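These are the structures in question, set out in turn.
What follows is subunit A paired twice: with subunit B in the first complex and subunit C in the second.
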Partner chain A sequence: MKHNFRNWPVLLVLFIFSLPLLIMLTFLVVDTFTTKVPGTLVPNAFTLHHFRFLWTDLDDGRWGIYGVTLNTFIFAASTAAVVTAISVMAGYALSRLSFPARGFFLGSLIVLHAFPTVTLIIAIFLILQILGLYNTLIGVIIVKTALELPFGIWVMKGFYDTVPWEIEMAGVQDGASRFTVWWKLILPQVQPGLMAILIFSFLSGWSEFVLPMVLNPGTDAQVLSTYLATLLLDTNTNSDFNLISAVGLFYALPVVIIYLIFQNKLMNIYGGGTKG
Partner chain B sequence: MRISITNFTKTFGDTTVIKDMSLEIESGEMLALLGPSGCGKSTTLFSICGIHRMNAGRLRFGDKDVTKRPPQERNVGVVFQNYALYPHMDVHANIAFPLKVRKEPRAEIDRKVLEIAALVHIEELLQRKPSQLSGGQQQRVALARALVRKPDILLLDEPLANLDAKLRLEMRSEIRRIQQQTGITAVLVTHDQVEAMSMCDRIALMNKGDIVQVCKPKEMYDNPASDFVAGFLGNPPIAFLDGIANDGEIRLANSEVALRLPSNVIDLSNGTQLRLGIRPEFFQPENDMKVTGKVSFVETQGREDLFDVTLTNGAVLRSIQSRGGDIKLGDEVTWGISREHILAFGPGGERL
Partner chain C sequence: MQRSSWLGLAFLSPALIVVLLFFLMPVILTGIFAFTNMSTATGVKGGSYVLNASSLRALTDAGLPDVTRSQIESAGYRVDERGLAALAEAHGQAVAEEFSKNHAGEVFTKRRDVERALKDLSSNPIRKTRDRKAAADLFKRSILNQRYETLDAFEAALNEAGIPKPDRPLITEIAYTGWTWTTANFDLLLSLDSTWQYAKNTGIYVTFTLAFNVVFGLFLAITTFYLPAAQATAFRAIWFLPRILPPVLYIVMWRWFTWDTGFISTVLSGFGVSSKNWMLDTEYHAWVTVILINGFVGASMGMIVFSSAIRAIPASMLYASEVDGASRWQQVWYIILPQLRWPILFITSYQTMSLLTSFEYIYLSTDGGPGGSTEVWALAAFHTALNNYGGNLQYGLGATYALLLVVIGVLASLFYLRLFNFKNLLTKPRIEG
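Then we have the complex of A and B:
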């Protein structure tokens, strides 16, 4: 195939600009598997010592890495499940049904989506304390879900908007109830959106740091991001940076894998709907 | 099944689309709702099937009042303009959907789907997805899906609008054949007069939310109730001459030309404003009531030629003639109007 411009200059520019990122990632991986003499850059031996957290408890009654990982998974998965379930329903309602204050809901969705959530954190902190959900995983899940919802609903509404009205009318004419029409005829059309929201909110939950740190600071139900932060501050481990890198790699790996598998589906969010 | 609409009114917000309309559709009849876009024909269709709620009036299928019934309970099959096939289901599943919703047994569903597929000639397409079908095939699937549960009424919303010219001819006769074979009462919405005239038993011509005339296609063509009806039916369209009645003649506006009026309106009082409608087939060289004008437009249509003739006062007459003449643009011609075929309309457009 003939191109109307050459590829390599573009690739070169992209490569140069990506170089800092590439170097950092390379060293993240290299550092975790090797030892070095302090002050040098080139590693001198291969080791799995930095990954010792996988088979030994590091110290002092803290949950092992697997407990923390399980917490993170529960946190991310339930956030994703609830966000997706509510988004597919709310998105449909906003796209198709005429109900009082629909315009108001649409407007506030955008505002909430753009809202700097950190400013809400004190109010949320107080509310969770009153409810007795402070320092629990459930509390963080609820807050995270609430904050993810505007985005999810907005994207799902966009997907529903691309489904032709006639399909729905045809379904109703064929004798199906509105619910059957939604479940059997419309939902399959917006499945790419549903998948995208599911994966996106899972990844977002997996990497969430601020909410668990502020609202769930205890050690009972830590997630990986806060676990990593405590490692950094912990004097017991003497700020073992290679250990921290290894934990970081362990933490980032699922994200990379999920992204590699589902990148096409995730791109749908920005493509904005099903293809013809 | 007989459909009767009485005093139907439909408003969207502040705009009244249809006001106080009444219409009777006989059992087994195919009726066309014909009209320009925005005249309320689709609104009427969607009110019959229940997608739109009627603001006022009554709708009865046979003896049953269905005004307040939801679409699911009306047993009406609809074919939408873009067919609205379910893209994630294959053709079999598409056609079977109305039966599945009713929870009919599997064997029964399969039998009915095959039966209806044979009727619309799509037996070999049942395993395909809608995206793998041509426009005409999608149309057949949509028809099959609408007919499979034996609805009382079949509604077609511009069913041929998305097809190319050749397929349109084919599907026109196909839809008619299927309608006659099943004997179903059908309502067809279209803006194409040829479609309406060739497919339907009767035409209801609509304009601005009103039914202007309801009758058989031929009768509507020969005997239009108003200049709107006359102008809407016929291709090439009818030409109009404006003038004033004077002693059994019409004096054309801004000219000295006077023409004898047809015998049914010959005794109009002098000074009455008139509008004459002359169809292209009645303005021919051999007719006796001659007018002279300049050929201002020539269009070759293959078997026939279409001419526009501009009279001295600027009015335009159309003529359609079989090919053969060597008339060129700009020629002066003196052709005749068939007097008894002139349609006369009053100043408000009403037929005289």
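Then we have the complex of A and C:
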């Protein structure tokens, strides 16, 4: 299909539209490693000064970046682990097991899956206040897990649906219990789905901003997204874009790396599971 | 029940518990909170009863008789444990014991009477008039500025002070510091001009961003489909980034791009245009930026969904059309677009919902400014209840704003359920039969 079209006009239009993004990305990287004369765009010297937050505290005595990074990792990793564990079980139940009101639960899953969760933030804020979990990392982890669950269960159910029934039948025929069949035969089949949810919810937790901002605004257990946002919205520092960009680059690096490594597995989330 | 029923419920229960607590409860509670006047001032958990100067003013405004008012202000002098203990401390145990023997439990309306009673004590232990006045004041009991933790305690105090019964409900209502049930939020919402402004802003925001998302998403998907593989991959990678980059960093980039020391200003200053904040200069600047910021992200998602839908179109259809002499434009219009009907519907409904309810990008970029011109409904709910400069967070009123979004969300999700082929999902498990 190369005959009824010329490429270059399309290429040009695409390029023009992509220009803002290209400029932003290029300068995000260039700015953080160089110095410039104010009012110009061409760098004149290489510097690591903008990355000073990696080895010293910032002037206003902000928390060290590594503590914040550790918090972010704990937040993202525990969310991912719990979401995956619960989804792997619930997805199997909804896909394969028979129990009362199964149709109702399936219907609710679709409703929850489509529901815009941000609207609940005010009520969740008040619930955490009443439970005494406000301003703690554990509170945000629980809430993020809950909001991520419908998606996780939905994807897992999709993966289980593609596993042939014959595998299970054979297992049951040979005298294994349903639990053993699930654990020994089915789980290995849906491993791509499991990995996809693990990575996906980790990335989603790493990037999450609204929940930590509202539910955990203190500095004791700050995460990188709120750390970066305070730098950005703080009127004292918001002119130092180089510093902010450097923090941002540091923050986004794991996301980009994970994405590059697991690109195919993440795409699986739209596709479906096993080839068996 | 069969064994597998138990296994199924056991497998489902962790999910059920979490979902009930943090999904169903918030939905219901948003509805409940909307009918309260909860705020920072009233607290979340409940309150106590306090009458102070400002509640007295409120009572007068509400038409409390002056007689009752002065009764509240000076509830009299009462010989009780607390006063006696204070007396013992000031003038010795013996004095207090004798006073207690003669007058325990009595209530005097005037200080002069208390002074006289003190004077009448054997041997008149408190000689100076000034000291006696001070001693009498130890027994002064006013319900003003006293904190009563329970309703019973407060009513008992009113009773002792001899406040007339008909005035008590009003006093109790005003003295209560906790939150109460009310429908005032809804009246307020309907009467405020800003409500309509938020609704209008939301309309502008959703319409334009959605149009940008769908049209530009389609454009990206179709053009990258026709480009040679290497070029297509490059453009897809660029346009995939808004989707995977953390929102805060994405906004950092936009701020840098549009700020008064940022890219646009610097480039244009070379052409003699004075530098200004291209994000917040006027409301048009703000709207264009907000729509582009959200539009780029949405187009990114549209591109992913549309691209995979286009790849699913059988290549033979496209070849056939080319053999028949269709131009590329005709191919797009008559073959590709009709096949994309469902993905377009999906993206439209999905994005409408998420644009209606999300405020993350606007909060980080313009924060509703300049002058509230980009304040959309969801952001207003957030500002009212969780984040404002005044510091008095009105949870109840914010919940009322959020309630509308929750209702729309529930309806849309139910619609989504109907759209799905639900019977397909309900295929019976085959082992239990």
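Rule of thumb we're sticking to: the second predicted complex is superposed on the first by the 247 of 276 C-alpha atoms of A that agree within 3 Å, B and C clash if a C-alpha of one lies under 4 Å from a C-alpha of the other, contacts with A are read in each partner's own complex, and residues count from 1 in each chain.
Going forward, contacts are C-beta pairs under 8 Å (C-beta built on N, C-alpha and C of every residue); 3 or more make two chains touch, one makes a residue touch a chain.
Remember, it's a predicted structure, so these values are computed and weren't measured experimentally.
Undergrad: Does subunit B (first) or subunit C (second) touch A:251, or do both, or does neither?
TA: second
Undergrad: Can A:122 be said to touch subunit B (first), subunit C (second), both, or neither?
TA: A:122 contacts subunit C only, not subunit B.
Undergrad: Looking at the overlay, does A:232 come into contact with subunit B only (first), subunit C only (second), both, or neither?
TA: Touch partner of A:232: subunit C, not subunit B.
Undergrad: More residues of subunit A in touch with subunit C or with subunit B?
TA: C
Undergrad: After superposition on the shared chain, which partner residues are touched by A:27: those of subunit B (first), subunit C (second), both, or neither?
TA: So A:27 only meets subunit C here.
Undergrad: For A:180 in the superposed arrangement: first (subunit B), second (subunit C), both or neither?
TA: In the superposed model, A:180 contacts subunit B only, not subunit C.
Undergrad: Have a look at where A:172 lands relative to subunit B and subunit C in the superposition and call it first, second, both or neither.
TA: Both subunit B and subunit C are touched by A:172.
Undergrad: Mind working out whether A:164 is in touch with subunit B, subunit C, both or neither, as first, second, both or neither?
TA: In the superposition, A:164 touches subunit B alone.
Undergrad: For subunit A, which residues lie in the overlap of the subunit B contacts and the subunit C contacts?
TA: Correct list for subunit A: 169, 172.
Undergrad: Mind listing the subunit A positions that touch subunit C in their complex?
TA: Residues in contact with subunit C: 1, 3-5, 7, 10-11, 13-14, 17-18, 20-25, 27-28, 31, 38-41, 85-87, 89-90, 92-94, 96-100, 102-103, 105-108, 110-127, 129-130, 142-143, 145-147, 149-150, 153, 165, 168-169, 172, 178-179, 203, 206-207, 209-210, 214, 225, 228-229, 232-233, 238-239, 241, 244-245, 248-249, 251-252, 255-256, 259, 270.
Undergrad: Under the stated contact criterion, what part of subunit A meets subunit B in this complex?
TA: 164, 166-167, 169-177, 180, 184-185, 188-189, 276
Undergrad: Within the complex, which stretch of subunit C touches subunit A?
TA: 1-9, 11-12, 14-15, 18-19, 21-23, 25-27, 29-30, 33, 38, 44-45, 216, 220, 223-224, 226-228, 231, 235, 238-239, 241-242, 244-249, 251-257, 259, 261-263, 266-267, 269, 292, 296, 304, 308, 318-319, 322, 326-328, 331, 353-354, 356-360, 364, 367, 378, 381-382, 385-387, 395, 398-399, 402, 405-406, 409-410, 412-414, 416-417, 420, 422, 425-426, 428-432
Undergrad: So in the complex, the part of subunit B that touches subunit A is made up of which residues?
TA: Of all residues in subunit B, those touching subunit A are 46, 49-51, 71-72, 75-78, 80-84, 86-88, 97-98, 101-102, 131, 145-146, 149.
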